[in-house]
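My structure is below; once you've seen it, I'll send some questions.
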Amino acid sequence: MLSRLPFGTQKKIIIISFVALPLLLLLTFSYYPALELIRLSFTNWDGMSPDKDWIGFRNYEEVFSNPEIFGVFKHNVAYFVVGIVQNIVAIYFAIVLNGKLKGRYFFRLLLFLPYILNGVAVAYTFGYVFDTTNGSLNFLLGKLGLGSETSWLGTESFVNYTLASIGFWRFMGFNMVIYLAALQSIPSDLYEAASIDGANNWQKFRFITLPNIYKIIELNLFLTVTGALEVFDLPFVLTNGGPAGASETFVMKIIETAFQFNNYGLASAMSVVLLISVVLVLSIQRYFLKGRG
Amino acid sequence: MKKAVSLLLVSILMLTMLAACGKDSKDDPKPADTGKETTEKTTTPEETTAGGEELKGKVVFLTNRTDMVGKEYKEYKERFEEKYPGVTIEFEGILDYEKNSKIRIATGKFPDVMLIGPGIPNSDFPKYFAPLDDIQFTGDISFKTLKAFENKMYGVSSGSSTVGIVYNKKAFEKAGITAVPKTLDEFYAAAQKLKDAGIVPLASNFKDKWPLDAWIYDVPTMIGGVSDHQNKRADSDAPYTLDGVYGQSWSILRTLYEKGLLEKDVNSTNWENSKKDVAQGKFGMYLLGNWVINQVIENGAASEDVGFFPFPSDNSGTVKAPLNPDWFYAVNKDGNVAAAKAFVKWMIEESGFEDFAGLIPTLKDKESKLAQLAEFNGYNPQYIEAGPPNDTATAIANQAQIDQGRVVQEFVLSKDPQSILDKYNKLWANAKKNVVK
Amino acid sequence: MTKEKPLWTVTKYLSLLIAAFVILFPPYIIVTNAFKTPDEYLTKSTMSLPSNFLNFSNFSEAFTSADMGRAFGNTVVILGVSLVLNVLLGSAFCYAVSRFQFKLQGPLVGLFLFATIIPQITTQVINYKTIQSLDLTNHLMGPVLLYVGADILQIYIYLQFIRNIPYDLDEAAMMEGASLFKIFYSIILPLLGPATATIVILKTIAIYNDMYTPFLYLSDPDKVVVSTSLMRFFGVNSGDWQMVSSAILIIMIPTAIMYLLMQRYIFAGVTNGAVK
């Protein structure tokens, strides 16, 4: 029935009907709240009350006049660094498990297992792994004759790396599956043709695999950066921001401001600033990736 | 305008969605709000008389005790509905109560009975809650004035607790401690003996922050002999001083830390495991509320091995103990008010919740079933009741964004505690200028 | 095929063995807890092994006392509806965006990309209001509404696959007089199998383990889902970790099985189908 319509009309119908619903959902549950957030950032709303006052840029002045608020961003660097390594490892295992290998089904499940584990379990588990006196990690290191007194979650200089490594443990398999799927989309005749031309494995990787999954790598990096800047649940559960604030993150500060200090307006302003910061970091990243590629 | 547009968008969306998944929604025969509608009809006529047989409708209680859902609450429901056949009670449990309940309140529609903690300023109560002065309790209740505004009571405490040293008697025996310490110096000495016997003297659970509350609210109360120190901060530009109640209280914790009388690594403590350790005598003591006693017993200690004595905050030999409220029941002013009040009354008088939770009953003449409290009272502590908060002090603290748990952590860990106090006093003074004009 | 170098083979297996150890080392405690009797749990060290790995009593107790039967039922409904709609909407969207030239293509994908950056946590209050105004709080379709929306990951995966499906296939079908709609559901959608399998797995796990959304939107005990059923073991400042551990293992089983089954489709390879 539809096929009798001219191609142009069909195309229009398809585009509109296929795009409309996802777009509507996106606008309702992402952009409408974001606009509200911007509006609230100019008010002194406490988060509950039916009334609020318009206070102009006062919240923004406060965000920028308080050096403590921006100081916490340096804690996010660890998540960023570990995130990059995580992606490299994920690509490595995706390639290994995409090839011929004994027990690859088993390893594919195994490496993905941490992602299946419930978040509550992850936090609980690592509380025991990193415990200084009774922890399984220090126990293991002690048995190996290495230091067994390290305070993994209590040392200011690397507490963020400890936390970020949990993210690595949990999400590497997730990234790996995405890369595996991307590898599957590469037509296999490309590799066959390359083999006939005498290309070695590295050349195949460099000239076929990488360019073909470039978009997905870019996306994963994007998600890594966003995730690094917006991380909060791991430090929230495992260290509560400690020792003495060394692992506090920006989103933790936002939540505290909104729900503990009853200052939803200021928290909204902080969210907007976070949003802008993420966009800035991503633009810089894009600029450098473009510059090289 | 924006709202209207988005609402329109949402409605279109919804129609499409419901059409697409209509099959599945039959799982849920009643629309979510039927209960509320019947509710509104029944509120007005019986507003004044709480109790009585004519109560009707549904009451929803939003609780933080997710562990009691489907267990104790099931039994509460049966007993309550037997007494009030016209009322249906539903228990909804949520986690992260302060935050999630605020999100609920913000929408203007929230369950009939809520719990309120320190998060909502007293002056805001009339916006959300109904006054509860007309509930006829069988006796006098504690903390009538804490959640009150303009002489009306909006919250009833679900139970009270005091704070002191919860200790393992076997561990004390093993360390050769024959009598509980009555002065601060004796306390340090006892802790040292525990340490010498290979026992961690005091489980601070430093890392988790909330267990430090005792050092922020209760020890200063004991030291100063009055409970209004948090409010008094509003009158000062430098509320945190070394010789003030906070400095003195935190210095005790700092001393314990420096002498190695806390956990081996205070930045890596494990709350769940500490209960097992206290129960087994690997750890000697807690400075916490009496509610923790039942939890230690649940973790394997025999009740007779768990003791409780007042914390000696100085060397005077007279001991003091704070008396604190727990969460307060509050009633949604637009909900099923009459039946909700009956439920609050029932929770206080008949549910037995305070014994389950290990709290002191809110009814003043009701005896607590907690054996350890008798021991505690045997030391004749002078009880100091918590008073109502002062909205100005709260407003300044919120404006200054001072998280006192973190202040204590920094104070204890820092090489120069005075500099930490200076830092927060400065924040306080700046915020005070903005709040008090 | 060229023969693999032995060095590469050794590296491969060695790295996999290290990974296996690193992955299995932390959850050790969950497994041991789950099999311990209450007495063992309280008296023995947390790290010690249970005396009997056949002690399944915790599992049956966890299942009943957390009302997990009902929880699984509710979760299946939420998952089923969310996934079907999500896959249909997402793949259709990507088909429209990648197969046709029109002005707003780039900005449309950009809009989805940008949405990822918006800090989720602070939009909760507003979204709760929206869902409440639709009367969908304490209704299974409330969370569904939040889950069906396409996310950027899904869009990228679908776009990646659609790009690699030769356009000749579309053209051939058009010659035979098929409508664009028919091309989508009878040619493109089946060829997206591996992508769909990947997305279904990732989405299922995300929804299955999500605690924030059901806690906010489904507080009625009748609407308990798998992730919130865990909370029946948490009181104020206390958790029954033996039960929690057993419950966590029970919860993992269906997702692990699903992954094993779906795995075959993920790795079926897009080109093994119609192209050859």
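Labels for the chains are A, B and C, by order of writing; each one numbers its residues from 1.
Note that a residue touches a chain if its C-beta (ideal position, glycine included) is under 8 Å from a C-beta of that chain, and two chains touch if they have at least 3 such contacts.
From a predicted model like this one, the values you see are computed outputs, not experimental measurements.
Novice: Is the way these chains touch best called a line, a ring, a star, complete, or other?
Specialist: complete
Novice: Given the two chain pairs A-B and A-C, which is bridged by the higher number of C-beta pairs in contact?
Specialist: Of A-B and A-C, it is A-C that has more C-beta pairs in contact.
Novice: Quick one: report the Å distance separating chain A from chain B, using the average Cα coordinate of each chain.
Specialist: Centres of chain A and chain B (C-alpha means) sit 35 Å apart.
Novice: Taking each chain's centre as its mean C-alpha position, how far apart are chain A and chain C in Å?
Specialist: Roughly 16 Å separates the two chain centres.
Novice: Residues of chain C that contact two or more other chains, please.
Specialist: Chain C, residues with two or more chain partners: 46, 125, 130, 145, 148, 211, 241.
Novice: Can you list the chain B residues in contact with two or more other chains?
Specialist: 6, 10, 13, 106, 273
Novice: Could you check chain A for residues that touch two or more other chains and list them?
Specialist: Answer for chain A, listing residues that touch two or more other chains: 21, 25, 28, 32, 47, 128, 134, 255.
Novice: Tell me, which parts of chain A touch chain B in their complex?
Specialist: Chain A reaches chain B through residues 21, 24-25, 27-28, 32, 35, 46-50, 127-128, 130-135, 151-155, 239-245, 255-257, 259-263.
Novice: Could you please specify the touching residues of chain A with respect to chain C in the complex?
Specialist: Answer in residue numbers: 1-3, 5, 7, 10-11, 14-15, 17-19, 21-23, 25-26, 28-34, 36-37, 47, 92-93, 96, 98, 101, 105, 107-121, 124-126, 128-129, 134, 136, 139-140, 169, 174, 177-178, 180-182, 184-189, 195, 200-201, 213, 215-216, 219, 222-223, 226, 230, 232, 251, 254-255, 258, 264, 267-268, 271, 274-275, 278-279, 282.
Novice: Considering only the defined contacts, which chain B positions touch chain C in the complex?
Specialist: Those residues of chain B that touch chain C are 6-7, 10-11, 13-14, 17-18, 20-21, 24-25, 27-28, 31-33, 62, 64-71, 90-96, 100, 103-104, 106-107, 109, 210, 271-273, 275-276, 279-280, 291-292, 295, 298-300, 357.
Novice: Sort out for me which residues of chain C touch chain A in the complex.
Specialist: Touch list, chain C to chain A: 1-2, 8, 12, 15-16, 19-20, 22-30, 45-47, 89-90, 92-93, 95-97, 100, 102, 108, 111-113, 115-123, 125-127, 130, 145-146, 148-150, 152-153, 156-157, 159-161, 163-164, 174, 177-182, 184, 194-195, 198, 201-202, 205, 209, 211, 227, 230, 241, 244-245, 248, 251-252, 255-256, 259-260, 263, 266-271, 275.
Novice: For chain C, which residues count as touching chain B in their complex?
Specialist: Touching chain B from chain C are residues 42-43, 46, 65, 67, 77, 80-81, 85, 124-125, 128-130, 132-141, 144-145, 148, 211, 215-216, 219-221, 231-241.
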